[in-house]
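Note that the chains are named A, B, C and D in the order they appear, and that numbering of residues resets to 1 at the start of each chain.
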Amino acid sequence: MRVAVIGASGYTGMELMRILHRHPRTEIAAATSEQRAGQQVGEAFPALRGVVNATFESLDPKKLIGRVDAAFTCLPHATAAPVVAALRKGGVTVIDISADFRLRDPAVYEAWYGPHGAPELFSDGVYGLPEVYGAEIAEASLVAAPGCYPTSALLPMLPFLRAGVVEAAPIIVDAKSGVSGAGRTLQEPYLMGEHDGNFYAYKVAAHRHGPEIEQEASVAAGEAATVTFVPHLLPTIRGIGATVYLRLKQSLSTADARAILVEAYEAAPFVRVMPEGETPRLSSVRGSNFCDVGCVVDERAGTLVALGAIDNLVKGAVGQGVQCLNLTQGWAETLGLEEAPFSP
Amino acid sequence: MRVAVIGASGYTGMELMRILHRHPRTEIAAATSEQRAGQQVGEAFPALRGVVNATFESLDPKKLIGRVDAAFTCLPHATAAPVVAALRKGGVTVIDISADFRLRDPAVYEAWYGPHGAPELFSDGVYGLPEVYGAEIAEASLVAAPGCYPTSALLPMLPFLRAGVVEAAPIIVDAKSGVSGAGRTLQEPYLMGEHDGNFYAYKVAAHRHGPEIEQEASVAAGEAATVTFVPHLLPTIRGIGATVYLRLKQSLSTADARAILVEAYEAAPFVRVMPEGETPRLSSVRGSNFCDVGCVVDERAGTLVALGAIDNLVKGAVGQGVQCLNLTQGWAETLGLEEAPFSP
Amino acid sequence: MRVAVIGASGYTGMELMRILHRHPRTEIAAATSEQRAGQQVGEAFPALRGVVNATFESLDPKKLIGRVDAAFTCLPHATAAPVVAALRKGGVTVIDISADFRLRDPAVYEAWYGPHGAPELFSDGVYGLPEVYGAEIAEASLVAAPGCYPTSALLPMLPFLRAGVVEAAPIIVDAKSGVSGAGRTLQEPYLMGEHDGNFYAYKVAAHRHGPEIEQEASVAAGEAATVTFVPHLLPTIRGIGATVYLRLKQSLSTADARAILVEAYEAAPFVRVMPEGETPRLSSVRGSNFCDVGCVVDERAGTLVALGAIDNLVKGAVGQGVQCLNLTQGWAETLGLEEAPFSP
Amino acid sequence: MRVAVIGASGYTGMELMRILHRHPRTEIAAATSEQRAGQQVGEAFPALRGVVNATFESLDPKKLIGRVDAAFTCLPHATAAPVVAALRKGGVTVIDISADFRLRDPAVYEAWYGPHGAPELFSDGVYGLPEVYGAEIAEASLVAAPGCYPTSALLPMLPFLRAGVVEAAPIIVDAKSGVSGAGRTLQEPYLMGEHDGNFYAYKVAAHRHGPEIEQEASVAAGEAATVTFVPHLLPTIRGIGATVYLRLKQSLSTADARAILVEAYEAAPFVRVMPEGETPRLSSVRGSNFCDVGCVVDERAGTLVALGAIDNLVKGAVGQGVQCLNLTQGWAETLGLEEAPFSP
């Protein structure tokens, strides 16, 4: 299968090329970058020298029609939608890594992101969380890969909402991300001199991934959920750890809570439920498509603590995208994603 | 003033020597370490070579009587109490860095720490949070320096409980600490190879600092508080960031919430209230005795998010201890603690 | 092919399991660890949970005969040799990751490592640097995988010695390694609290890899080489960067020097020669079996600076071992080692 | 003494304000920054909030005359010289942190830096290495603070050249710096995502600090020295470690070599000579004005390895500058610089 990597010079683009390089059924047929058009991938990114033999090109969606069967759009929100529209017209299967097709309510999209770039397609995307929407993804030709924070928070949280053992409001999501989540942006806070050894909350209860988490929590709960989402920046490159606080509706032991997770994910190849007494760790998922989940009940307080850990660039972005592509093609869900976590 | 550093070869002991070295009214009259007895401080810790000219000695509390006027006990809990008892008998002012005199309820102490080593002194300690108990500390000769996590969580949280604008239950404290919080312990998880780039929750709702936070939250609220405390380990050496989630009793703007913090700390030299839109950062407090605090109201969810950041070894341990010592002596609260944060 | 990982609970053992998991022609038939015998690999190392389904067992070489076709011995020097001897008796192909079969002169071995554990096999090992000894390795059934430092220094250095453009003495090798080179050893200097942000030289001109570098430099030069080897410890987990200083025998431009490297490695799939103006970087080789090499001539000083970068656990240890195993079996040299570098 | 910090918003400027804040004889009378003019220092740099109460202003040297007694110019080379000239006309004592007054040969300056901005002052600066030029600095009103790399390399190296026990050519300086050496520059290689866990050589034998090292080595040797200088970038914020390789003229034991260092620095409060068997470490000098030095003789190879470690922002820049200022004023050399190293 001929695949285009659109927006290939950012961190998600690079990671996607790293994964596709090992995928037995795909070849990188195009890699676009406005800034680096004309450069060899391996010149621009020495890590990929001799590994990926593509040349960056300027993006012209029309010229990709016929050259590629599928495309990953690793572009900023709003920029992605018109590109997706053009590719879809040409029959290209699209895995969109941007935020443009994740939300179900146009008003919510507009409130958080501004005007949408292809309103006619707004509802065509399937939310690309395979552990929840596997069947829908298998039929889809436009998949909206979930945000990194939502992936890390939803996988540990949703089974409890679906099981009806916790309240839909208030839900607290305290999440911590490595700095690659901000991409390769040249901004002072992301300099090594500023960020090594640093840690802080940002966009407290005001981050765009909040409504996305709330949307999927509401679906799972069958009622409107209210999520207070507080992201933090970790002094490391990769990984997200999410700690989710849910109000119990009823008494529940940690063992019973864990059983809910185990049942939810027994057929999910990329979700590992931690044994009681262990918590998900960034070092155990780094470089892999795993989401490790766990839970602890604080019975005294009536609180269930659900925990998730992912590699934000893999399960939180393009790894999950490849998992979705596999599903759309009827391939094994794990194809190209078998790599063991990178540890130590 | 002649000061003994008891348990001087751990990270808190080293940090204390670093601070006392700049303190204009103290001299290090003794530094004890069982493991390193007989070694020069500067041999054991090359950073202090030519700076601290003491020799480690074995601890014999009786032999310190008469030689020192004050002592910091940087020992593990249970071990500290009998040493404190011996020193107190000799009239030595004690700043205890262990957990032995922080709790008010012997049953709670025993449940979390086991039998107490000096029950007759159990209630003699003053909780060494100067921003709350300044007057009591000024009269004290046994001060229990608060835990590192409690300091980071209580300072941003207490003013709201005292003001009565938030519920005493449920309170959620999601805190993240650098690895120096574990001391210089030789355990696999603290190896650089294991911990660099790593992050995870541990002792979820089961950490000993939970009851300590709950105790002080209850005092501030005037009723029993319930705290779910979840600590996490950051891939860095120093610093704690605490994010506290409180249920609002009433509508409150972020500006009004911030005003409560500003009023609470207007006379506190070491608490800086962040401007609206800024959050406390580890890099801004590193190496200093500052606790930076801030808050954001999520009105939609009825949640107040209070944030704190400290250097766990300074404001979270011996810096706060020196602040307390200054108060017991009637010295300026800031003496020896004027150092600017270490940044970048 | 059934493969045993002997000494599987250290960092090289873990990395080997990570690589073998993706290797299409091997299965992990045994994983030994004295400390962890009886534990599931995935219990001991959560990163490998659900990935490697082996159980650690105590090492008994005799019991491996018939169960395995090949073995990697990831054991400390001296301990490895008798195990290798037992396995060889049973016809098992051995890739030894220890230092026991790297040196050609028994006196040198004894001077640096003490008595050898299987003197009768001392000369049976082939030095496992495929870019130099590819033909010999293809015929071998006992391969001594080179040390991590030697690999990083020899690959950039040897072509110049072979070409006769530099002196064999004095050679200076200034090398810098991530902390995983020390293994998972519980020693104070390797604690995150001690090593993050730290850097220093150690075993100056007294490290065991010195004679190994000197041995291979001498072979390449055709005369006795003298190497001053100074290793340093970097504040990171993985990677070695080596900077080698060679005395020019004659005038030589950087371009001509680079041409020597290009010619030497045109058929080597894992050695990438940097373009003029670029230097090898740890981030470009991390997680891969690549050795990036480069050079700059300081004509004014008559010095050629040769540079190398590897991932110490991959090309510096078990990745190179797998490359050797591939050669012994007549498989493609790159089998199981196609993974792109892990960046960012 | 009223001091101006010119170029106060970079890392050296910030560090200088941190130091001056503790200096008992100075006050920060002006802090200039074009980018941040009008901002409070504490707004721009939250670490200094409530610590440094200055407001950034645009630089107009004439307006500083009469307002300040001394100035530190933390400006890029070429930009600094005209400012220095204007300040000197007004009688202001200047400690220049740029490279503009370090070199003695105008042709060398021009070859490496381009046209000089104040040629009439070119020879007026005293090279601000107090351990070598203490007497000259005491008489100076224009001090050129040495480069960070030169400081780290010269202090361990010069005593051997002065003693005549090593050759002046070839000298090899292999140095490794934390990323703060590049300042707060917004360039891709300095992003946390690019640099954490990374390491590489750059400007091999082509860095501007090369001729500066060579100049001072030549003075010490009494003949023209030839230095091959290779800088590397460490994955940390602060610190430089330099490893210097010198050719012995004669047989010399490590103990005798060390005695040369001890004698050279017995009166130097900021140079600590490591005991035999120990090497300088970044963690032992971090945040302090110390330069730790050590040496090992590799007799077999006829090579003396000299080692140095500094904090690049302190002893490698403004700490050394303050040390020089102290000398010019006849104050104790250590005034304001007594802070113990920041460890852990």
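Some points to look at:
As a working rule, a contact is a pair of C-beta atoms (placed from the backbone, for glycine too) under 8 Å apart; a residue touches a chain by one contact, two chains touch by 3 or more.
Remember, it's a predicted structure, so these values are computed and weren't measured experimentally.
Placing every chain at the mean of its C-alpha atoms, the farthest one from subunit B is found to be C. By number of C-beta pairs in contact, C-D leads over the other of C-D and A-D. Here the spacing of subunit A and subunit D, counted between their Cα centres, is 46 Å. Each chain gets one centre point, the mean of its Cα atoms, and the points for subunit C and subunit D are 38 Å apart.
Touching two or more other chains at once are residues 11, 180, 184, 193-197, 235-238, 281, 283, 286, 344 of subunit A.
Here subunit C touches subunit B in the complex through residues 11, 179-180, 182, 184, 186-188, 190-197, 235-237, going by the rule given at the top. Residues of subunit D that touch subunit C in their complex: 169-170, 172, 174, 176, 178, 193-202, 204-206, 226-228, 230, 232, 234-239, 241, 243, 245, 247, 279-283, 286, 296, 298, 300-303, 305, 307, 309, 344. Partner subunit B is touched in their complex by these residues of subunit D: 11, 14, 17-18, 21-22, 43, 45-52, 180, 184, 196-197, 237-238, 272, 274-275, 278, 281, 283-287, 290, 292, 313, 338-344.
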